[in-house]
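Here you go, one structure.
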Amino acid sequence: MGDKVNQFDEYRSKMNDRILSVDNKVVKRIFNIDTNAYTEGALPVRTKELLGLVASLVLRCDDCIKYHLLKCKENGVTEEELFEVLGIGTLVGGTIIMPHMRRAVEFWDDMNT
Amino acid sequence: MGDKVNQFDEYRSKMNDRILSVDNKVVKRIFNIDTNAYTEGALPVRTKELLGLVASLVLRCDDCIKYHLLKCKENGVTEEELFEVLGIGTLVGGTIIMPHMRRAVEFWDDMNT
Amino acid sequence: MGDKVNQFDEYRSKMNDRILSVDNKVVKRIFNIDTNAYTEGALPVRTKELLGLVASLVLRCDDCIKYHLLKCKENGVTEEELFEVLGIGTLVGGTIIMPHMRRAVEFWDDMNT
Amino acid sequence: MGDKVNQFDEYRSKMNDRILSVDNKVVKRIFNIDTNAYTEGALPVRTKELLGLVASLVLRCDDCIKYHLLKCKENGVTEEELFEVLGIGTLVGGTIIMPHMRRAVEFWDDMNT
Amino acid sequence: MGDKVNQFDEYRSKMNDRILSVDNKVVKRIFNIDTNAYTEGALPVRTKELLGLVASLVLRCDDCIKYHLLKCKENGVTEEELFEVLGIGTLVGGTIIMPHMRRAVEFWDDMNT
Amino acid sequence: MGDKVNQFDEYRSKMNDRILSVDNKVVKRIFNIDTNAYTEGALPVRTKELLGLVASLVLRCDDCIKYHLLKCKENGVTEEELFEVLGIGTLVGGTIIMPHMRRAVEFWDDMNT
C-alpha cells in the first residue's frame, strides 16, 4: 500500500483516539453506530460499502470516500464496479463531483501499489 | 398503487415531455445518460437502484427518492433492505435526513396499497 | 397553537411510530441519540436548541426548523433572540436561506396564535 | 400571469414585511444588499439575473429559482437562453436538479399564461 | 499558539486585505455585516460564536470552523462545551462531519499549545 | 502563469487521462457533455463561463472554481466583473463562501503573474 494510504490511516486513528478520550456520550455513540451500520444484514457488507461510497461521493467528502475505498477493496470490489459507482455518483451529484472522482481514483491506484 | 404514486408519475411524465420538447442538447443528453446509468453492468440493476436511492436520500431530494423507491420495488427490494439503506443514509447524512425518511416510508407504504 | 403546528406534530408522530415499528438497530439508535443530544449538559438545553435551530436553518430543512422552533419556544426563547439566530443563519448560509426564514417566521407566528 | 405567480408574490411580500417589521440590523442589511447586488454594474442586470438563477438552481431552492425566473423574464431572457442555463445547472449540480428543473419550467410556463 | 494557528491567521488577513482593496460594494458590505453579526445583543457573544461554530461545522467549512474555534476560545468556551457542539453538529449533519471534527479538534489542540 | 496554475493543469490532465482509459460509458459521456455545455449558443461562451464560475462558487468546489477562472480569463473577463460574480455568489451562498473567495482571488492573481 502506498504512502498516502498509510498517512490517511494514521491520522484517522490518532484523531479518533483523541476524540474518544473525551467523555461525550453523543459523540461516542455516533462512532459506535458507525461501526455497526456496515455489518452483514439483509444486505451484504459489500453492498453496504458501495452505499457508503456513493453517499460519501455525492456529499463530496474526500476522507469519507477514502475510507470506503479501503473497505470496498477489502471486500473485493473490482475496478469495473468502482467506475459504475463513480458514474452513478457523478451523474446524480453533477460535474462538481469530478475533482473528487480524480482524487478517489488516485487513492485507489495508491492502494494498489 | 396509491394516489400519491400516480400523481407523482403523471407530473413527472408531463414535465419531462415538456422539457424534451425543447431542442437543447445538454439537457437531452443528461436525460439520456440517466436512463442508461441504471442498466445491468458489472453491478446488477438492483444494486444500482439502491445506490441511486441512498444518493438521493443524502442529497435530500424527495422526488428523486420516490423515483428510486418505485424502481427498488420493481426490482424486489424488501422492507428490511430498504431500512438498511435508510439507516446508512441517515447515519452518513445526519438527522437532517429524518423528515425525508418519513416521507420515503409514507410513499413506500402508498406504493404497497 | 395553530393548525399548522398540530398537523406538523401529528404527521411527525405517526411516521416516527411507523419507522420505529420496524426492527432496524441503526435507525432506532439514531432516534435514540437524537433524544439525548439536547438534554442539559455543560451547555443548557436552551442553548442546545438554538444550536439545533441554526444547524437546521443553514442545512435548509423546514421540518427540522419547525421542530426546533417548538422546542425553542418551550424553553423561553424570545422573538428578539430568534431573529439573532435567523440573522446569523442567513449570513452564514446566504440569501438561499431567505425562503426558509419566511416559513420559519410564519410557523413561529402560528405557534403563538 | 398565472395563479402560481400571484400566490408566490403575495406570500413573499407579506412575509418580507413581517420580517422587516422586526428591528434586527443583520437581517435588514442582508435584505438591503440583496436588492443592490443585481443592479447594473460592470455586468449587465440581465447577466446578473442569469447568475442568480443558476446559483439558485444548483443550490436547489425552488423559491429562489422562481424569483429569478420572474426577473429573467422582465429582462427579456428567452426560452432558448433559459434552457442553456438549466442545462449548465443540471450538468454542474447533477440529476438531483431535475425535479427543480421541472418545477422551474412549470413556473416559467405559468408566467407566460 | 501553534504554527497552524498563525498560518491560518496570516493567510486570512492577507487575502482579506487583497479582497477589500477592490472597490466592490456587495463584497465589502458582506464583510461588514459579518463583523457586526457576532457582537453582543439579546444573545451573548459566546452563544453567537457557538452558533457560528455549529453552522460552519454542518456546512463543513474547515476554515470557518477554525475561525469560530479561535473566537470560542477567546470567549472562554471549555472543551466539554466544545464537544457538546461537535456532538450536535455531527448528529444533525451526519458522519460526513467526522473528518471535519478531527481537523477541528486538531486545531483546538494546536491553539492550546 | 504561476506554479499553482501549472500544477492544477497537470494533475487535472493526468487524472482525466487515467479516468478516460477505463471503458465506462456513463463517465465518458459526462466528460463529453461537460466539454459541449460551455460552447457558443444562445448565450455567449463568456456568459456561460461566468455561470459555471458562480455555480462552482456556491457549491464550494475549489478545483471547479479554478477551472472556470482559467476559462474566464481566456474569455477576457475583467477583475471588476470577477468581483461582481464573487459578490453575487457570496451573497446567495453566504459567508461560508468566503474561504473559497480567498483561494479564488489568490489563484486569479497567480494566473496573472
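Lettered A, B, C, D, E and F in written order, each chain numbered from 1.
We take it that contacts are C-beta pairs under 8 Å (C-beta built on N, C-alpha and C of every residue); 3 or more make two chains touch, one makes a residue touch a chain.
Please read these numbers as outputs of a predicted model, since none were measured by experiment.
Between the contact lists of chain B and chain D, the overlap consists of A, C, E, F. Graph distance from chain B to chain C, where chains that touch are one step apart, equals 1. For A-B, the equivalent interface among the listed pairs B-D, B-C or C-E is C-E, as over half of the contact pairs agree by residue number. Here the spacing of chain E and chain F, counted between their Cα centres, is 26 Å.
Separation between the centroids of chain C and chain F, computed from CA atoms only, is 36 Å. Mean C-alpha positions place chain D and chain F at a centre distance of 23 Å.
Residues of chain E found to touch two or more other chains are 25-26, 30, 33-34, 37, 55-56, 58-59, 64, 80, 84, 87-88, 90-96.
Chain contacts here are complete: no pair of chains fails to touch. Against chain A, in their complex, chain E makes its touches with residues 60, 79-80, 83-84, 86-88, 90-91, 94-96, 98-99, 101-103, 105-106, 109. Across the complex, chain B is touched by residues 11-12, 15-16, 18-19, 22, 24-27, 30, 34, 55-56, 59, 61-64 of chain C. Within the complex, the chain D residues that touch chain F are 33-34, 37-38, 41-43, 47-48, 50-52, 54-59, 64, 78, 80-81, 84-85, 87-89, 91-93.
Only residues 25-26, 29-30, 33, 36-37 of chain F touch chain B when the two sit together in their complex.
Residues 58, 90-97 of chain C are the ones that touch chain F when the two sit in their complex.
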